[in-house]
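Written below as structure tokens is the structure these notes are about.
Labels run A, B, C and D following the written order; every chain starts at residue 1.
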Amino acid sequence: AGGNGGGDDAGDGGDANLAITFLPKNLGNPYFDTSNAGGEEAIEEFGGTFAEVGPSEASPTSQVTFIQTAAQQGVGGLVVSANDPEAICDALNEARDAGVKVVTFDSDTNAECRDLFINQATAEGIAKSQIDLISEQIGDEGQIAILSASANATNQNAWIELMEEELAANHPNIELVETVYGDDDDQTSFDKTAALLQTYPDLKGIISPTTVGIAAAARYLSTSEYKGQVALTGLGTPNQMREYVEDGTVTAFALWNPADLGYLAAYATKALIEGEITGEEGDSFEAGKLGEYEVGADGVVLLGDPFVFNADNIGDFDF
Amino acid sequence: MHEDASPSAPPALELSRVVKSFGAVVALRSGTITLEEGSIHALIGENGAGKSTLVKIIAGLYRRDAGTFRLRGEEVDFHTTAQSKAAGIAVIYQEPTLFPDLSVTENIFMGRQPTNRFGRIERKAMRAEAQAIFARLGVSIDPDRVTEGLSIADQQIIEIAKAISLDARVLIMDEPTAALSGVEVERLFAVARSLRDEGRALMFISHRFDEVFALCDTVTVMRDGSYIATTPMSETSVAELVRQMVGRDVAELFPKLPAEIGGDLLVVDGLTRTGVFHDISFTVRAGEIVGLAGLVGAGRSEVVRAIFGVDPYESGSVHVDGRPLPKGNPRVAMARGLALVPEDRRKQGLVLDESVSRNITLAIRSSLAKAGLLWGGPENAAAAVWSSRLEVKTASLDAETGTLSGGNQQKVVLGKWLATNPKVLIVDEPTRGIDVGTKAEVHRLLSELAQQGLAILMISSELPEVLGMADRVLVMREGYLTGEFPRSEATPEAVMFAATAEKEGAL
Amino acid sequence: MPRTGNSVTRAAGRTFKARETGILLALIAIIAVATIRNPAFLFSNDGFRDLLLTPSLLLLVAVGQAIVIITRNVDLSVGSVLGLTAYLTGRLFIDLPGIPPILVFVIGVGFGAFLGLINGALVAFAKVPALVITLGTLYIYRGVNVAWAGGDRINASDLPADFRGIGTGQLLGIPFLTIIAAVVLIVAAWYLRNLRSGRELYAIGSDPAAAHLYGLRVTRNVLGAFLVSGALSGLAGVLYAARYGTVSSGAGTGLELQAIGAAVIGGVAISGGVGTVWGAAIGAYLLLTINRALPIVGIEDFWQRAVVGALIIGAIVLDRVLALRQSRKLLEAREVER
Amino acid sequence: MTTTAPETQTVRTYKAHAHPAWRRVLVTREAAVIALLVIVIATAIASVPNFDSPLTVTYLLRDLAPILLIALPMTLIIITEEIDLSVASIVGLTSVMTGILTQAGWPFAIAAITAILVGTVAGFINGFLVTVVGLPSLAVTIGTLALFRGIAVGLLGTTAITEFPEYWTDLAKDNIPGTPIPGIMVPFAVLAIAFALVLHFTPFGRSLYAIGLNKEAAAFSGIDVGRTKFLLFMVSGTVSGFAGVYFTLLYSNARGDNATGMELSVIAAVLLGGVSIFGGRGALHGVIAGVLLIGTLGSALRLAGVTSDIINVITGVLLVLSVVSASFLAWLRSRRISAIGRKKGRSSTAPEPI
């Protein structure tokens, strides 16, 4: 089955099938809109075909259909953010058997189901930056809560676990009272924030390590009596958070550049398709404007450290 | 054109050679009637003669296929019942049509409630008016209660109240008295007469000749959808009307054959269901036809439904051929040899959207199956046997039963139950709405079956039918068994007395 | 004014009204328990505000749904209608900068009414079951929404601040949204109780065949009921955009079952002819307040849906038991009359 | 003491059918759905790249299997004029049960059977509320839809169970050797044949249609309407439970939100396949064709790069068109009949009344 794309640019792949499909957790998620735009930019640079498909709700079983379709279409590569580490595993492996290179980004699957994972930041790095931000904002003591995405999101759960360890080890006066799940749905996250503030009148801070969650929480706080009383930090995009940083609801939050993440994932996929790398530890490849990257243990490529946005620097970003 | 009709005032309502058919069934061939103001006009005819169809055309519920319809001399063509209402016609339909979830008052005034300038319904005024009407009718019904659960008689009274409240020029009443007691009928008549004296035109449909003669000024007879004759009440007699209605002598309608009476096949003892019937005990023997008479609403259908197991009962027992029958289990009842031809064939007797073949074999489907599987072949074969035996008129066995005429539908129901090879056959209104010829056939069939040793319990609201067919007559009134007469003693007077008199005496 | 009714029928009338009272008491009990556990549930500015605010959108949709159910129909497309109008609202502000919010309201409600009209026309004229039609339009409207929005979505920053103020602001401590919902509720309740066409809706649902016999305008009324349901979902869609600021193509998914649930809990019989919009409104408050109260009472988040399900079933079972008791009483009353 | 055998001298003879066999088979709703399915498949093979690959068949049937399975009892339920909206929640609940029990160390087969029994119990609850308590099934199953889903989500909370014995997951995914057809089609085919036989060729099947068309007449014919419906709801729960176990294995994933919203897909397919929501009408081959039609259309369009939203629009339009066209045809027919009636009436010059 021939793909509809195909790059004839330089590189040892020659007539490699550079049709690459991006499969985010769900459509209509600005974080993925940004990362996929980065991917598209990269693919245009190297002359492949970009496609973006995805379910409307973030569930693993609905991702499977799109993985299968991609395999049927015979695309060269598939870039996935997994809604579940295990559930889409078999589908991914079947796609690989059909000759599709599979790269995960943002949220990984089990290592044996994909060729590469593009890690936006190490889990430790993210967890530590979140805890550092919140402890600074609440004076290193009091109750905090976490507003996460879905209960099964691999990356979220890993971060939360590490955050708990970090709290136990270095911040004994901070109490994590509850983790709630907004399902990366704006309304749910909004309502969950409201519920959190009610349930814990002494709450000092909220961490929302998901872009949908932090925006919804910020919107709730900005019009509530808790504005300025309850600290909020997490992972967010500057465009969504600008208003709340400027009005004082939020002092600082973190994120990597999702566009770069998508860009890097696209280049990594290209390298796999063209046979430049196989995903072994120590392989290295060129990623356009980002420079050269090396594959680490378990086929993980690390983008870099998270970046902290605050009132001073937020004006410099537009994504 | 009726140039010879009184030139001064046109008749209040005039129908001439109106035709209405439903698919293949011609319900009305030439419906003709003329209502004059200040007069009560009776419309009589056998079941299925087309009376109700005529009423529904006047009401705007059906549109006529042909013929003329004039209201105070002007040709009209109603598309909806709202139009006929607006034209001053009030109709009491044969079946009460109330909204069960709404209050009595709301039912009376639905769609034309008194309102203030802003369109707001004036509840107080509405309620007061309802009470005034009830006072006039001399009944006490709580105007605020929901109509769900009201007795048929009360429902009928609300229908009458509804029609009166319309203050219409023309009032059509399709069997309004069927469910009423003597006192209630008298009150209704008083109201009807006062409306007549106010100059309104009334039409009254009833199967009871005494009522027709007591109330009406003129009578029109219909038969088989056709107009037969219009006569002033004073110039006719019951015998004459019956001759016009039936078109032949009544006697031959009931070909009673001699049968040998055997042992008790159906024994009912002390059957009771609170609020419905009480302490009902009787037996039916092999070869015997027992008639169960009474007014509509007396509870006869409920009793046989309980016997058959479709309805529950609280106490008492039923034995078929010596063996007790469990409560509420029609399947066992069928297996023991009980068959019930229900009163409402369209709702209870038939699956109208299914084929003739499926209907006839519905009750015997299990015995037609081979190794648990049922194929079309055996079904059609069994159906063909019973269709031809009863001479069902249908083009094919896969025709939808709903497309058959009423009489043929009734034959399908009879066939369905005879196919089960019963010992005891209960028939509830077996000839309701079927034509004269078929009626005689049904009677002949019942007689034959009795002769072959079946025990037959026959409910009928037509007294001549009961008296003509039954070896013994039971009478029910208001849920109680009030009389039992052997054939020789069963006179119309005795039966009617048992069906009505006691109540009037009590009041 | 003389009362001719006997005590039994009056008691029956009371149990009828007891339904709304019953769930109102349940709602009050829940609020009381949650407040005892955590006074902030009621006695804080945000707590009080959220108590009123959270169910307001559902209330609007549930009122429309109740009207449709009263006519013995059902509208499964309300969630999709809400989503589509919410997105439309955002697009209007983006594509026509400076458009006055009031015009957006008019367009949103009108558009919702139009979608409802499509449902109603198919149901009333083609005489096909509402369940099938609105299941179809549930898919269609949602599909159109997703196709239109694609990966885009409306962000809070796309909407003017004064418009968003409607979603979050308050008057004398009562949120605007709640005021709007209350006005709609009162108008709808008044209409259903006091106007002829309102009563006709009940009659149609109670017995469609009898309604036809009466010459009630069945087609027009059913059409109207769907139109109102669509318009209210449209209004809820505009307000959704105002309240949440962010509108993705999935907004309002699953709302249809919540709306039907609210109506059913509130005593609107799924078989038509019975119930009030008051009941549906209280049902909406009960459903969403339970959601917020459960964590406070110590029941985990995850069990909320189970509680909601049990609540719906409990409500209809209770209804049935009451109805059976009533009909038995009526039978006994007949017995006595004899 | 019985009626005599019917007299042999048959006065009338009856044709079994008004129309020849080909007309009865071809001029049906089911035939139209099947024809549409064939057209869609042919068009897709001709114009959608990669549609003709064996993978398409494998993926399509695998994904459709739960819907196909549940559509079987759903057809029977809708034919008796009821509805079961809780099926997808039962899938979720049994999926969670399978996961929890497997995780607790139960042998998989025992865990799976227990989970299926949980599905049966769920169906029992629906059946009890509908037939014994006497509630409308639409309201009941909206309630149990929330209840069963809520229990599923409540039981498993934040976690998803993803460890299942490879033997079983492979079994769920493997094709019938030498074909692109997934193995799940074997139990499906067995069930489909069993359901078809029961529905179309047994006394029980006849009683289902009778109940759907006129339950009062059915009760008067000795059919235990309540018990029949009770049984159907339990079968629906059981089959949904089986689908839940399969779903779990297919995605190696037990989660509370598995199969969310699938009830609408099932009902849409059943209605598209020609089953009347008012009961009493419909056939299983039409339903299976309906499921395949929606599935194939979706698969082809996805392959052609059409997004899932357009597929939803098409599903919805098909559904609406299917009911509206049926009622439009009926309206046309009734108009023709009444026009004939009116003509007849006019031409018959009845004699002037006396």
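In this text, a residue touches a chain if its C-beta (ideal position, glycine included) is under 8 Å from a C-beta of that chain, and two chains touch if they have at least 3 such contacts.
Just so you know, these numbers come straight off a predicted model, no measurement behind them.
S.K.: Looking only at C-beta pairs that count as contacts, which pair of chains has more of them, C-D or A-C?
M.R.: C-D
S.K.: Let me check something: if the centre of a chain is the mean of its CA atoms, which chain is farthest from chain A?
M.R.: B
S.K.: Please work out the Cα centroid separation of chain A and chain B, and write it as a whole number of Å.
M.R.: Roughly 75 Å, centre to centre.
S.K.: Centroid from C-alpha atoms only, then distance chain C to chain D, rounded to Å. What do you get?
M.R.: Chain centres of chain C and chain D, defined by C-alpha means, are spaced 30 Å apart.
S.K.: When the C-alpha atoms of chain A and chain C are each averaged to a single point, how far apart are the two points in Å?
M.R.: 37
S.K.: Counting only Cα atoms for the centres, state how far chain B is from chain D in Å.
M.R.: 41
S.K.: Enumerate the residues of chain D that touch no fewer than two other chains.
M.R.: Touching at least two other chains: 157-158, 307-309.
S.K.: Which chain A residues sit where two or more other chains touch them?
M.R.: Expected reply: 56-57, 181.
S.K.: By residue number and range, which residues of chain C touch two or more other chains?
M.R.: 146, 249
S.K.: Could you please write down every pair of chains that are in touch?
M.R.: So, checking each combination of chains, I get A-C, A-D, B-C, B-D, C-D as the touching pairs.
S.K.: Could you list, by residue number, the parts of chain A that touch chain D in their complex?
M.R.: Within the complex, chain A contacts chain D at residues 1, 4, 51, 53, 55-57, 59-61, 64-66, 68-69, 71-74, 84-90, 98, 151-152, 157, 179, 181.
S.K.: In their complex, what parts of chain D are in touch with chain A?
M.R.: It is residues 49-50, 53, 55-56, 59, 63, 157-160, 162-163, 169, 173, 247, 251-253, 255, 257-260, 299, 302-303, 305, 307-309 of chain D that touch chain A.
S.K.: Using the touch definition up top, name the residues of chain B that touch chain C in the complex.
M.R.: Counting only chain B, the residues touching chain C are 59-61, 80-85, 93, 97-102, 106, 110-113, 115, 119-121, 124, 127-128, 131, 134, 140-146, 148-149, 151, 274-276, 478-479.
S.K.: In the complex formed with chain C, which residues of chain A make contact?
M.R.: 27-30, 32-33, 36, 52, 56-57, 180-181, 185-187, 190-191, 194-195, 197-199, 201, 215-216, 219, 223-226, 239-240, 242-243
S.K.: Spell out the part of chain D that touches chain C in their complex, as residue ranges.
M.R.: 83, 129, 133-136, 138-140, 142-151, 153-154, 156-158, 256, 261, 264, 267-268, 271, 277-278, 307-320, 323-324, 326-328
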